[in-house]
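Presented sequentially are two complexes of chain A, the first with chain B as partner and the second with chain C.
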Partner chain A sequence: MSQNKNIRWFKGKVSFLLDTKAIKVFMILLLITALVLIISTALGDMNISPLSVIKVFFGGGTTMEQLVVTSFRLPRILVALLVGISLAIAGGILQGMIRNPLASPDNLGLTGGAAVAVVGFLAFFSDDKNALTVSIKWMPLAAFLGAAIIGILIYLLAWKNGVSPIRLVLIGIGISALMDAFKTLMMILGPIYRASQANIWITGTVHGSTWGNVSILLPLTIVLVTIAMILARKMNIQELGDDVATSVGVHVGRQRFSLMMVATALVGISVAFAGGIGFVGLMAPHMARKLVGSSYGALLPVSALIGGILVMVADLIGRTLFSPLEIPAGVFTSAIGAPYFIYLLFETRKS
Partner chain B sequence: MHAIETKDLTLSYGDSIIIDQLNIEIPKGEITIFIGGNGCGKSTLLRSIARLLKPKLGAVLLEGKAISKMSTKEVAKQMAILPQSPNAPEGLTVLQLVKQGRFPYQSLLKQWTEEDEQKVNDALIATGIEDLKDRPVDSLSGGQRQRAWIAMTLAQDTDIILLDEPTTYLDMTHQIEILDLLFELNEKENRTIVMVLHDLNLACRYAHNIVAIKNRCIFSQGKPENVVTRDLVKCVFEMECEISKDPLFGTPLCIPYGRGRNIHKQAVGVNA
Partner chain C sequence: MLLKNNRQKVLGLFMLILLLAFFICISIVYGYTDTSWKVAWDAFQQNNGSNEHLVIETVRLPRALIAAAVGSSLAIAGVLMQTLTKNPLASPDIFGVNAGASFAVVIGVTLFSMGNFQAIAWIAFLGAAIATIGVYAIGSFGREGLTPMTITLAGAAVTALFSSFTQGILVLNESALEQVLFWLAGSVQGRKLDILTSVLPYLVVGWIGALLFASKMNVLSMGEDVAKGLGLRTGYIKIILGIIIILLSGGAVAVAGPIGFIGIVIPHITRWVVGIDHRWIIPYAGLLGSILLLIADVLARYIIMPQEVPVGVMTAIIGTPFFIYIARRGFNGK
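On to the complex of A and B.
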């Protein structure tokens, strides 16, 4: 009983070996993603039936329903989905690249770098009248640059005749702690009203997302996820160790650099639009690995969907459970994530 | 032409020189085994031949061409290396592992051609693990696991295979099994095999060509019968021994002196 299927198209110009089990898992998750998206759109201060939500998607429904669905709920839910996808893929890449299941955008300092950039942005570009002197549109760029600078910095600091995974992770942890300190310092020194704004943002929330955000996030996510999928083949080999990868003809150093940059960019864009939603980058690839094994061609898309579902659900809980009070989605991803992290450490201790 | 040659190859870790201006020729279609004491640089030499370590000076030539001037994929089609105790990620199946050997022949859209499938199947059959192909590598026994890794290097379809201590951590049965397999590959498919081995007697049994390394360069090189002598063992391993003949294959058999059971006799002697 083989679970693999040969694909050979165009007289052998295109050929793949597909894992049929992984495809089934992916399809089921795709269905769940769609369901969560619809249910999440339906629930809120004003409950709409899921059927009406679907009607609105196809241009029907009442004017009120249209307004709630398309203007209020859909943009933030889509941002949640895209951010979950980006963080999960970034986490998967980092875990494979560092060959350590505990690696994630959070503990490598990438999220921290982006957070410092945002807090810095809010502090430096505010005037006395509580207004930003530049457009808030630039904040995502600041977050992206923050993550990118830290990504490159970690890479350079870890350099010693090439970059070894263990040095990368140790330096990442150090930088991460440093970023936390900077963040706190800037929040205390900055204007008080900015501190609470920054704090909500750092916890991670998709509140206030607009179609404008979606229109920036969507193409970037598509491009970066595509690049990640193209690199998946080489990641499978890199996971066998640098020596084996070199033996079969992979430029290990070059490859590691491009992976680092893709992961950094993915973290950058998600932090830019949703703040520091934690633990998704750690959890999603692990759950995916349990479902489809460790081959990246299957692992990355499956973790992406799991990540998307996690953030959408966290956001749904956050805005409905204590309504009208709204809890940032990051609180719930951490609330599930932290115990899971401990469980993970417990598991590795046993083996 | 030789399969591999080195020209004034100097290797170092930081400032300490491991191999100094070494010139070596590795014959085609034979099994060459590097021997030497701990830390003599035999593994380092093997790694450098496999381009895993950049030489400080000198060059490695593959079929007469400098390896540093070839693209890494081009090298990968001619030479495979199996490092010492490699690690597969959790849950990776044998097929998924062996398939990776096809990397130098694949591209983004061509990831599983008929040739890929054929070579992978051949490799699984040659190593006798075709029944295990859907099993996770980490669930296999040590011997099976090593076979899976060897299958991966076979799938790479190279004339030259380098192995760094392929029998480490294996029990005696599996050591012999793996070496028999490599010998068979050499006999049947005429592949050039270069490896580092700790066990001198097994090295003598399986090698056509022994390279003894001492003091950063080659101490001697040649057929085991000609090379492995009392003097060699004394110089290279700093140990007294008798050289006998392997009763099964007639290859040199090294019997170390040491004090062995004499320790007891000596102790008794002192008392008397």
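On to the complex of A and C.
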């Protein structure tokens, strides 16, 4: 274990292992994240040179550049970054908890629950003239509640002298089928343009994000990611199996519940602001595992950055490639995610 | 096992046939357009072209027959899948058959601007077949081969994959969304009888095939090794069962769109009624499947009258609690 460095602070009261290789990878990814962020801010209907973008960050640049960068582009790019981070960490947690590489927020029904909440929100709060009776600002809250209710419901239904991962997955799959049915029902009952509005949102887009969104999303993400990181070291033990984990003193049931709730909250906030951007929660942890191995202390931060990069790139492609037509970022994450997924299935076959 | 000996089982079968006939009648008589039993009778005896008679002849009758055919096909396909994969949760919808068919339909409508029902039915068939083969192949990878867990996850994954593609296409093409939304919901409403008749040969082949291979399935369900030891060519039987599954589930989804949970619920109820002998399970499952879908379809007309709930949504609402019950019970005590 020469690649690990033991760090002790306050006479050993705070101690942790630092994986030097993981730190290198993390630094490189951090650099890439910054680059993608700058390039993404630079490109669009009006191209700005990356250098001017950096100038704007430090208060320089022309008024026009300042306007485009700070009011139009930066909020949505930051939302993309934060959403990618949240989804990736949620995916990493769920995969570790369920001990199956194919688990993800999408096929556990969490995203589905949020989607139903949104479609329901659009359907129930519309009056006869199809205008919304309440502010659209409440939609993220509805999405969050949807994901949270489904998360708790799945957990409760899977409860039978504790929660086994296999039951959690199966019940998640059943519930997500039910959510699909509800979603279709509400889309059919509502007017058609609402259906297409809901459909864009379900596919996942960061279009129309504001600084207001960032200011809600940022603190929540920071808090939840911190909790996830604190829980991470115990997840390594849980990977060994329930029996081993219990015998070395982990309260498996309690820990599983807190992990599930953190993952649900992460999915909830990201779905609330960006809709159902798919496959990020599946892909990012896998890529991270390839890079730094499966110790969660290293895995989670690395996969968070990968998730952020994925969503930012997907959004960049979506708004530039077919400009002026804007394509939801979710389409591109699926387009990358689906083939990756099949590759993954072949991979598990070999091992 | 509810029915103990063969005499009871034969009797039960007759009862179910009567019940099926009864629910077909109910489905023909009750609905938004107010009709009585007498009007329905007249519509077949001396059709005078009145609105009620027209509704019964061109809307209700096809609808009832389609619901019966689709229900039994889905149920039998579910039985076959569960036997083949030894997985109590196997069924067409969990295997991604519905998602595959939906994807194919959306592609057909957007890229090849298919308009008529016939074309949609065929392309749905194709998508269903591809998805079934895909999930089966993906699920059999892995070290442990075809375990319930891997195949269920493979199904969920393929579903996620296809449905995200479907979603992406629909976002880019709003008019297509309008066109296929009602198909995507899964419904037996508004289909003409010739859609059923064009798919019916495949369904009938599937039904008869399932009955003929019922005794072989009994042997297969004892486990691969025992079956081989008893002289069953398991590989060959599995391929035949696979083809029957594609015929039945593909045919059903082609006619009615994605309708879930019948393929899960019915096989379990059937086993509870008649035990584990597939020679009884197949006919019972077929009849019970028809009856369940007919009931769901009639209920779907009344819940939010004058609008209709798509029957696929109804079966999901009925079926999910059942699914969760089975999932909680676990596989063979595992």
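Everything that follows uses one rule, which is that the second predicted complex is superposed on the first by the 349 of 351 C-alpha atoms of A that agree within 3 Å, B and C clash if a C-alpha of one lies under 4 Å from a C-alpha of the other, contacts with A are read in each partner's own complex, and residues count from 1 in each chain.
Operating definition for what follows: contacts are C-beta pairs under 8 Å (C-beta built on N, C-alpha and C of every residue); 3 or more make two chains touch, one makes a residue touch a chain.
Because the structure is predicted, anything quoted here is derived from the model rather than measured.
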For this session: Classify the contacts of A:Glu239 with the two partner chains as first (chain B alone), second (chain C alone), both, or neither.
Result: first
Exercise. So, does A:Lys21 touch the first partner chain B, the second partner chain C, both, or neither?
Worked result: neither
For this session: Have a look at where A:Ile230 lands relative to chain B and chain C in the superposition and call it first, second, both or neither.
Result: first
Exercise. Is A:His207 in contact with chain B, with chain C, with both, or with neither (first, second, both, neither)?
Worked result: neither
For this session: May I ask you to decide whether A:Val248 touches chain B, chain C, both, or neither, giving the answer as first, second, both or neither?
Result: first
For this session: Name the contact category of A:Ser294: first (chain B only), second (chain C only), both, or neither.
Result: first
Exercise. Which of the two, chain B or chain C, is in touch with more residues of chain A?
Worked result: C
For this session: Could you tell me if A:Lys55 is touching chain B, chain C, both of them or neither one (first, second, both, neither)?
Result: neither
Exercise. Where does A:Asn6 make contact in the superposed view: on chain B (first), on chain C (second), on both, or on neither?
Worked result: first
Problem set entry | Partner chain C, residues of chain A touching it in the complex | 100, 102-104, 106-107, 157-158, 160, 166-167, 169-171, 173-178, 180-182, 184-185, 187-189, 192, 195-196, 199-200, 202-203, 278-279, 327-328, 330-331, 334-335, 337-338, 341-342, 345-346, 348-349, 351
For this session: Over in the complex, which chain A residues touch chain B? Could you list them?
Result: 2-4, 6-8, 12-17, 99, 230, 233, 236-237, 239-244, 246-251, 289, 293-295
Seminar exercise, completed: chain C residues touching chain A in their complex are 89, 93-94, 138, 141-143, 149, 152-157, 159-161, 163-165, 167-168, 170-172, 174, 177-178, 181-182, 184-185, 260-261, 304, 307, 309-310, 312-313, 316-317, 320, 323-324, 327-328, 330, 334
Problem set entry | Interfacial residue positions of chain B with respect to chain A in the complex | 47, 50-52, 71-77, 80-83, 86-93, 95-97, 99-101, 103-104, 106, 108-114, 116-117, 134, 136, 152-153, 156
